[in-house]
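Please read the structure below before turning to the comments.
Note that the chains are named A, B, C and D in the order they appear, and that numbering of residues resets to 1 at the start of each chain.
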Amino acid sequence: MLVRGTGSYVVIALLGTFGVAVGFVGAIGGVMTLVSSLASKREEHHRRAITWVFVMAGGCVLAVTAMEIGLLRDDFSMQYVAANSTRATPVLYKIATLWGALEGSLLLWVFVLSVYVTAVSISFRRRIEDRLVAWALLTMLVVCVFFLGLLVGPADPFGTLSIAPIDGDGLNPLLRNHPLMAIHPVMLYLGYVGFTVPFGFAVAALVTGRLGEGWLVLTRIWTLIAWVSLTVGILLGAWWSYEVLGWGGYWAWDPVENASFLPWLTGTAFIHSVIVQERRGMLRVWNLSLLLATFALTIFGTFLTRSGVIDSVHEFSASSLGPLLLSFFALILVVSVALVGWRGDQLRSPGSIDSPLSREGAFLANNLLFTLFAFVVLLGTVFPLIVEAINGDQLAVGRPYFDRMLLPIGVALLLVMGIAPTLTWRSTAGAVLGTRALVPAAIGAATMVLALLFGAEGLGPVMGIGLGGFVIGSSARHLVFAVVRNGWRGITGRSGGGMVAHIGVSLLAFGFIASTSFSEEGEFQMRPGDRGSVAGHQIIFVDIVDEMDGLNRVVRAQIHVEGRGIYSPAITQYPTFGRPIATPSVATSFIDDVYLSLVAIPEEDSDMVVIRVLVEPLVAWMWVGGLVIAGGSLLAIVPGRRHVRADSEEVGV
Amino acid sequence: MKQRHWISWFCIALVSSLALVAASVADDPPATEAERAYEIKATMLCPVCDGQNVLESNAPVAAAIRAQVDELVSEGRSDAEIRAWMARQYGKDVNANPPRTGIGSLIWIVPVFVAVASTGFLVFAFRKWRVGRGSELSDDDVTIVSSLREPT
Amino acid sequence: MKECTQSSSGGAKLTEEQEFLLRSLDDLEKEHSNGDLDDNEYETLRNDYTHRLATLTRSLAGFETPSPSQNSRRYLWWIGVIAVVGIAAGYAVAQSSGLRAPGEPLSGEIDRSPRNRLASAQSLFFANDLEGARGVIEEVLRDAPEMTEALVLSAQIHERMTNPLAAIRQLDQVLESEPKNIDALTLRGWILVRIDEPDVQIEGIRSLDEAISLQPVGFDPYVFRGFVARELENDFILAIEMYEMALDRDPPDAMRAELTRIIEEMSSELQPTAE
Amino acid sequence: MTTRNVRTVRFISAAMGLILFGFVVMLATREGGTGTASRSPLIGQLVPAVAGVGLNEATFDVDDFSDSWVLINFFASWCVPCEREHPQLAEWSRRHKKDGVVVSVPFGDTEEDARAFFADHGGDWPVLMDGDAAWAVAFGVLRPPESFLVSPGGIVVAKWQGQITADEVDRVVNDLEAKAADR
């Protein structure tokens, strides 16, 4: 065995350790500076914390750079690299290995967090003397201290091996066969971590007692950025499951998927209800609670994924971080509940609602539904734990439960989403609603008829599709009026962008409904030349390629999908990994996807394969819908930023 | 004008309800053995693979359960019997659907209760909010505000 | 403004509120000119903000709503009603969606599946309740008109109820989709050979022969063919062969005894001729 | 603000706090998900039917061995612990030439691979193919290797998940034999 580990390489690990240490010191320095200057009420000293923030960010950049260098240069003297990378890993996956395992993913978390905190410090540098901003920064820095503390101690990513192996073990094969794996976690973390910023401002508002609407305006853009990243991250994750896992689905109500979904749900509720507070001054406690809950849920999700409390496909190997993360979660809960309890009396809102049939009424309904949705998901996720704690029974909560409970909520959400844009603030007269909702409702009805003509069936699915059409109709109506009045700038701004995002949600809903309700599948035992047919798609098994790729046996079936071309699903037997891993191949189109996967690794020297063929209509529209949602959110962000900047300058003068 | 709206709404309601009736009529419960077996496999979790169901998993134990489900279905066993048999062999947590009785039924009851209770609360809240201050605009208000806004 | 921010927290709060309202008015105008808001909405919102801003500026400290004194007993009553409705609804959902243990009634769609009903029709048929079996099987066929097992059973029922024509029609339907359905071939043959019409009987024999050529595992076709060979064709050798084949296929004891008896009878009749 | 309002808010947050506290305590006291322990409803029960023609063309029926120990071993050729425990099975089989028999059942494996596995690693005991996985389900096998010990009289007395050693199995055998002798 080749011994290496002295010499230049070990420097990289040292560099990383140094970076983490610098980051940790920077965060602690920032916290101490802010605590002392807040306690002594010397606002002019707040500014010094920014310097510490830069120190922290510098440390984090150093640490991430060191890790990437280690990965790219195959420095197997680093424990993390040896355990998770190999020489043969392609460059893209080497880079992505940073977030492929527990310690590295925390490093990425910390890095993203430091980027956010730095960005906040820079954009608020002129207002840092404001106690609200200082408290917000302090809260964020405390979060930084916690996560950097994890990297310093229990989850040190820069451990070294005294004897460097010649080659590393490599990642779980599932994590290194699709480029989406390189983007999905980053987007997810941008979302997860991004909610730290509004959380900081919410805590600051509670602590300083400045519970008016000022802090909302300050955090608007940050919340939106976090939200859109999380949305995209979740959808990319779903897409990845679809393209890689081989069962043709994209969402399994797995605890870890739920953990990422929960903050999204509360976050979505927040970005809607915040509008009510801005416009009508209502729901202050509610909005603060939503933000606190969103952040608490991100930490809870991290705890679930990294403690081994719940079995899940996506789980990182169980680690000692469980108790620490749980303690941090408990701390957040204590702080949140105590703050709301303490300031609760001052949170009473000055606003009022005149009629349930109004824009704010629709927002309230939306919030009720989203919260319920989140509650059902949370309950479904932790219920087995609760039952086990009570009477030791082992129960499972799976798709039938989530489908049954969430379908009505989802349908109601679509309904509210369609009606809301046709409502006016304060109250809407029935006649006005009758006029405004007429065309959208007609479009909805037409969509239903169209769906029936294309062979859709079932009350739930058809109703969902009709409501999707209704949403598109009312959003488009809103956009058309805006554009007629104001040219192409009509689709920007929060309401324009929001409407675009709603159209995206409808497209996503179409894809989701069609692919879950109307998919067809078949399983064929085939020899070269055999044909099969599923849902009108002819497939011909052309040939089989059985080859060794290094130590791995890869069997590739070449299948001709009529009208689409040749696709080759594969199945690989890794010597280091128990059962074979199937790599599906998908013939995508905007009408339907033909999803091909090999069921089992064929016997050697046999040309007989078992192919599972799934035809899922409209799946592609889910990804298109996601893209539209992201685009809409960006449209909503862009002008918003201009406003805030103008405002802050105005205030600064 | 108004008259025409009523007619249009009536047409839309008619078309929608016809479409929904047609949709629910076209939907049929599982009829063939294969469909029944499919349902059972789709709602049964693979005991070793963390959240994947038996239908989707390619673990050997999932394959074994699939084969046995087919076998038991063709023997004419009822769904409930097959589920109970698998739960006896692999533990209650192979069934993805929580039970309707005992403590497990709370997972159904609690969310529905919360939904009803929070809707009830919201109805109360609406009633309370509605008794808010009157906000009729007076000329005095306008002058104050315009004087405030002038400097900016 | 800065001075205000630095003053007492109550003052800061009011100032912030004022700032916010002013900003909202600006926003509102921008949104209105963007076309995000229509004139009606714009007007209501602007008036509302203006009023709030004016009220605030007048520093009318106590703008709280006089909380309407509520009859607390009525309040509790409402809470009780909501709780009861909630729990009842939850219970209903649990009952309709939750997993059932075996033996629990109302097992949903399972018992209504045609296959299950076919099984109950079969048991009725074997219990000789022909009317009941026919009622069930007709329901099954209405839901699954192509189901071959159901068609065959229905034909069997018709045959037993001496309605051979209907039975033949249904068997032909089966054979159209499954030309090698042994049960259908056997039953068809058996019905045809018992009609007193030489042509029809020949057709029946052909049908039975086809069934036997598929080497069925059941004994029925052999018994029938043997019967035909003995009674219609007087071909004892073939009849014995057929009955022996049937005996190989594990018939019930009563039939076994009967078949053995007939075989012996026929062999003893054959012997003198053979010698 | 009215005191009534303050009280309501405090009350609600206290209640929420209590619920969340209970939740955290529950999470904290839960042991990590270590997977399914060897709980088997089969222990103490009559052994499910295992009978058929082995790969070596010999017929086997577990009922014919009601006066000896039977060690039923579910394995797969691709499973590393199975490979490691194989010599131990051979050892146990050698020790119990007179009063015991090993039966191997491939689980999640093809007949061809199982045959190759025995050709490579030796072993002269019956290897039965579990056609439609009826035995695997009847024994509740999760992942290979899994072994079941059947006492004379046909009662399942022990189950092991994972690699076993001959000594481990014999500990149970001797224990039970001692108990039987006492009686």
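The rule is short, and it goes like this: a residue touches a chain if its C-beta (ideal position, glycine included) is under 8 Å from a C-beta of that chain, and two chains touch if they have at least 3 such contacts.
Small disclaimer: the values here were computed from a predicted structure and weren't measured.
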Handout entry: Steps needed, at fewest, to go from subunit B to subunit D via touching chains
Key = 1
Problem - Contact-richer chain pair (by C-beta pairs counted) among A-B and A-D - result: A-B
Exercise for the section: Can you check how far apart subunit B and subunit C are, centre to centre, with Cα atoms defining each centre and the answer in Å? Expected result: 21
Exercise for the section: Take the average of all CA coordinates in subunit A, do the same for subunit C, and state the distance between these two points in whole angstrom. Expected result: 38
Practice task
Could you tell me which residues belong to subunit C and also touch two or more other chains?
Solution key: 48, 52, 63-65, 67, 93, 97
Exercise for the section: Enumerate the residues of subunit D that touch no fewer than two other chains. Expected result: 1, 5, 35, 108
Problem - Set of subunit A residues in contact with two or more other chains - result: 311, 348, 352, 400-401, 579
Exercise for the section: Mind listing the subunit C positions that touch subunit A in their complex? Expected result: 1, 5, 9, 12-13, 16-17, 19-20, 23-24, 27, 30-31, 33-38, 40-41, 44-45, 48, 52, 63-65, 93, 97
Exercise for the section: Could you pull out which subunit C residues touch subunit B in their complex? Expected result: 18, 22, 25-26, 47-48, 50-55, 57-58, 63, 65, 67-68, 78, 82-83, 85-87, 89-91, 93-95, 97-104, 107-116, 119, 143-144
Handout entry: Residue ranges of subunit B touching subunit D (in the complex, touch as defined)
Key = 47-48, 59-61, 63-65, 67-68, 70-71, 86, 88-91
Practice task
Enumerate the contact residues on subunit A facing subunit D in the complex.
Solution key: 285, 303, 307-311, 318, 322-323, 326, 329-330, 333-334, 337-338, 340-341, 344-348, 382, 385-386, 388-389, 573, 578-579, 603
Fill in the blank from the handout: Per the touch rule above, subunit A residues touching subunit B in the complex are 246-249, 252-255, 282, 311-313, 315, 351-356, 361, 364, 368, 371-372, 375-376, 379-380, 383-384, 387, 390-391, 393-401, 405, 431, 434-435, 438, 441-442, 444-445, 448-449, 452, 456-459, 461-463, 466, 579-580, 582, 599-600, 650
